[in-house]
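Reading through the structure tokens given below for one structure.
First chain written, first letter: the chains are A, B and C, and each begins at residue 1.
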Amino acid sequence: MSERRDRVHPAVPEAQEQLRQGRISRREFLRVATLLGVSAPAAYVLAACGTPTATAPTAAPAAAAATEAPAAAATAAPAMGAIKRGGTLRVGIQVPAVDHPARFSWVFDSNEFRQVFEYLTETGADNITRPYLLESWEASDDLKTWTLNLRKGIKWSNGDELTSEDVLFNFKEWLAPETKSSILGLWEGFLTIDGVEAKDDYTVVLNLAAPKLDVPETLFHYPAQIMHRSFNGDLTTLSNPSTGPMKLDEFKVGERVKVSKREGYWQNGEDGSPLPYLDAIEYIDLGNDQTAYVAALQGGQIDTIYDPTVDTFLALRNNDKITVEPLPTAQVRLLRMRVDIEPWTDVRVRNALKMCQDRQAILDNAYFGQGDLGQDVHVAPVQPEYAPMDVPAYDPEGAKALLEEAGVTTPLDVSIAVGTGWTDVVTYAESLKELATPAGFNITLDTMPNSSYWDKWAEVPVGITPWTHRPLAVMLLPLAYIADAEGTPVPWNETRWVDQEFTPHPLPDLARHLVRPGQGGVGWGLGVGGWGLCTV
Amino acid sequence: MITFLLRRAFYLILTLFAVSIGIFAMSEIAPGNIAINSLGNTITPAQEASFNAQNGLDQPAVTRYIRWMIGSDWRAAGLIGYPVRQIYEADLNRWSWWGALPDGTLFQNYTDDGENMIRVERLADGSTRDVPLGPEVWKTDAEGFPVFWGVDREGRAAMWVRGDDNEAWTLGKSTWRSSKGAPRAYIPLQKGLLRGDPGVSFFTRRPVAETLVPRLMNTLLLAGIAFVVVMPLALALGMLAGLNEGRFLDRLLSISSLVATATPEFASGVFLILIFSTWLKWLPGAVVVTSDTAIFERPQMLVLPIITLTLIELGYVLRITRASMVEVMRTNYIRTATLKGLPQWRIVTKHALRNALMAPITVIILHVNWLIGGIVVVETLFGFPGLGRYVMEAALFKDVFAIEAATMVLVVIAVGTQLVADLIYTYINPRIRYT
Amino acid sequence: MAVIEQPATLTAPARPSVWGRIAAVLALLGRSRVAIAGLILVGFWVVLAIFADDCIIRPACWVGGGSDGTVVSTPWLARYSPFEQFRGRNLEGPSADHWLGTDRNGRDLWARIVQGSRIILVLAPISVLIALAIGGTLGLIAGYFGGQIDELLMRVLDALMAFPQILLYLIIIAALGPSAVNVVLAITIAGAPGIARLVRSLTLDIKTRDYVAAAQTRGESPWYIMFVEILPNARGPIIIDAMLRVGYAVFAIGTLGFLGLGLPPPSPDWGSIVNTGRKFIQAGHPWDALWASLSIASLVVGLNLLADGLSEELGRYR
């Protein structure tokens, strides 16, 4: 750990230099610095595969499995400098039913549309967020007023110009509780629709109720695709105006999506001509069984696979035609229990199961050691809030004692819901079953297809949920671990765990903490003990 | 003969009727909440109730069954007073229902206040205009309430009650919307299975028929080719084995066919992929359908699925043919022919063949059920976009209307082929008694 | 149906002692080389299933090999527990330590295959027996009483048979969830109609025999006649059919496992082993899928050979 701590991201001195020259503000520098983890250096464990770094049994960084960029590409990336135009990229990915982007509940819902609809900001592979449809943003010193300056001259595909009216429309959709958007959880307590104000055609001001640091990152939350003000509510229809470099040609649930180049895109490529480089992208659904995708990739019928599992990684790593790009992310496999359901209401029972995890053994089995161990905090080494912590030890005897103390009759029957498509999740549960038996848990696996798991992931008493990457932990924690103003857990609070100190708004303070001048950010490790939520 | 066929057809219809009730009942009693399964667990009880009403899930099973089979548009038209019509809206890429005025104008209705009904008329260019309706449109129903039947903006027949403050949730075009003065009752419009419209899939939110028909075509293509390959090959090999009863060739064919029959499709498929795709790299190991014509452009994709699918059938038919051939060759008339000194090939073609083929052909066709089982496995294994994978996924997702429709289609195919089996059987064996 | 239902061959009504009967059957089998081959294959798996671990003398852990952790069995032929995960031994090929290699969790494949044989050899016959009880009774009733009852029953069974079996499995398992009980239920429902048809046709034939007429004259109840006079005399074809059906059931359980509808993990269900194992074929580890499908194939082949040999031998007494 100490070795990692000394490492400073190469972009940091660069930012420092920029700061010295006055090209960026101090705040900007800190943003870069903290995002790059000066205090909590992201441990770039270069695991191989598109699912590198860590699957952590419990809350820890896991598999990269590219959030927007597919990870295992059959065609090597074109050599830098020589830009080739044209061609069709064929992506093997499931095509789920979607309607409103704000209701996307899974990253791949959004992927088929990323070339068509765009975001106000973009978080890059380096985990730094930059303006996208925005030209810039400014935050007031107290972080309560954010001014978003739209890039001028962006045309929708129907010829309209992108204006603050469009942005306002999207905020209305996101912030209306009826939309049932996960975005709401990120703004809950900070922003209501009354706080969104269009100053002029290209300026939108967000008046927050409390300081918020992660506004730019939140604008890149995957459901936050910007739709035209006339959006008809179903993005699969071909008639919605879009700003992206490509237009939607075909959308067939469970089969395929086709997007192709559109004239008049606002951005130029490195060769000076308008983007996109590609003529078209085809997203091809081959079902929920990844072996079919691997076979298709090996047969050259598709060029890349979305979200390759660790099994797929094993199958492809020795194929010389396939380039595997490792990328550390904050993806995680989260074993969690609902704290409002017996016997998990008792923190001792929760802690007992937590102590039943031989984390290294689980990681070795489920992910062939490719990843980091979970520390029962939903913060990953790549996130600036991360602080190194000890990995809880495997202690079945202690767990047994805790169960006895809690007065639970053993063996305690536990049914863990797992989606069979995530083979590593199944293995995780299988390993846990063996490891927890000596402590008095009798675990059974409630297997279901991934889509069924997604139907009830927040309802099952115990489940293993894959959470995707987010650049900042402060973006994630409010999604899953707080209650709304009435004290009801937010829609994605799958544990139902609610804490007075953590809810409603502990984050502003932390945010302030993070940007305190001179300290370069403070590592933020949520004390697990203080949380009482054991296996988060 | 005609009476026999009519009788068979009658039983066929009776069977299909029983099957349809069975399928319907099974999908009805299957545990699992359709609303939660399709909308996620964040919906509230009020939203769930609205969803059930809007999709006709709150109606009695009999009504639902009738709607499923023969549709609900005729019933709705009676209540509305105008016929209803389904049109395709190209710009939205979807089908929608409208009422049709006598002059052909299409309309839908809504009200903002429960008092003034608005008629939305669709103009030729696809745009709409609102026409307010007077208070005279409210009619008193049997229970004395002033009601109005029309087509709502989502394309359902709906009953509004005047001055109603009924709150309903609509999963509208962009959001869940709560609206006062919403309709009290709905009849989801549907043409019914018998008229080619088995409803809207909860999973894809598009008409089931739209997905099902191309899938069915793909499967028929796969199964059709498999059939064309298997039948002649299996019959020929079976006869070969039968004619060489007890010799080495017979033993070899018998044992390999037994092994082929006993090896599950998933096992043989996996090893075919391993050998021909991964090691030898001769054939693609997955069916990747990038367009509607992709299968015809890259027919080699179908080779492994077809071999996998046919191995079991091949072995099975071969064994039946062999047994039948052996039996026929032992009969007296063949012995007589042999004693007459006829050449072997003449005996076989002239006398043995027709009788020996009777059993296998009947069995082959009755075996379509088995073939369907293989199709589900093979399509899952190779990612083939056919009806087998469709029904498998529909079952996993509890997509009720899709399961019902796909199962019915498969059963019609299975039962229909039995009728064909009878026809062929009667053709081959004119001595059959029509009981 | 226009298809002529062949009255199956019937063995003469005789009632020797149990041992005598077993000896007679073995003698019958011994005459057919096909049957011997089948017997060896099936016997191999039966022996492995019985002596996989010491559960045979500790009935508490019969099914599942004590997977709930309350009963820990000592492996005999299986060598290891099918659930024990060997650290760092994931996805290994065959070796002296692990005869068939290990799976992705580092579990011994030999132990899993052997314990899997126990699962399948319990579930398959049980489902066939239940199907036999239900289908047999329905067939007897339909065949013996005839008339309206026959017509109604056969229509219902026709409708059930019109269902491709896989759809029945899918609907039942999808509705009730994957578990051993539901797998048995699905296979029973799918198998019963076929048995009923067979028993009905046998009953129609036997009904005309003198000894049935004699029993009717004696004033025996229909149930007595059905189960004491008719059923035992129809046993030959029924046993052969049942043997084939056990083969189908093994096949079906495997297919359910492959489709992810079988016994939930970590159960060493053969179909599930193929399902999870085939993902590693592409990674150069075909062992899981290879051994499990070989096991299924050999067991089904064995059962088929046995049935074949048996019916051939019985056929000689025509």
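Here is the rule we use: contacts are C-beta pairs under 8 Å (C-beta built on N, C-alpha and C of every residue); 3 or more make two chains touch, one makes a residue touch a chain.
Quick caveat, the model's predicted, so the values are computed rather than measured.
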Chain whose averaged C-alpha position falls nearest the assembly-wide average: B
Interface with more contacting C-beta pairs, comparing A-C to A-B: A-B
Chain B and chain C: spacing of chain centres that average the CA atoms, whole Å: 30
Interchain centroid distance [CA atoms averaged], chain A/chain C, Å: 48
Distance between chain centroids, defined by C-alpha means - chain A, chain B (Å): 39
Residues within chain C bordering two or more other chains: 278, 282
Residues of chain A whose C-beta touches two or more other chains: 295, 298, 449
Touching two or more other chains - residues of chain B: 273, 278, 380, 396, 398
Interface residues, chain C side, partner chain B - complex: 2-4, 155-156, 158-167, 170-171, 174-176, 247, 251, 254-255, 258-259, 271, 274-275, 278, 281-282, 286, 289-290, 292-294, 296-297, 300-301, 304-305, 308
For the chain C and chain A complex, residues of the former touching the latter: 68-70, 83-85, 87-88, 90-91, 104-106, 177-178, 260, 264-266, 276, 278-280, 282-284
Chain B residues within the chain C interface of the complex: 4, 8, 11, 14-16, 18-19, 22-23, 26-27, 29-32, 258-259, 261-268, 270-271, 273-274, 278, 362, 368-370, 372-373, 376-377, 380, 391-392, 395-396, 398, 403, 407, 410-411, 414-415, 418, 422, 425-426, 432, 434-435
Residues of chain B that touch chain A when the two form their complex: 36-37, 40-42, 91-94, 172-178, 203-206, 211, 273, 277-278, 284-286, 288-291, 380-383, 385, 389, 393, 396-398
Chain C contact footprint on chain A (complex, rising order): 290-291, 294-295, 298, 311-312, 314-316, 318, 361, 364-365, 368, 411, 420, 423, 426-427, 429-431, 433-434, 437-438, 442, 444-447, 449
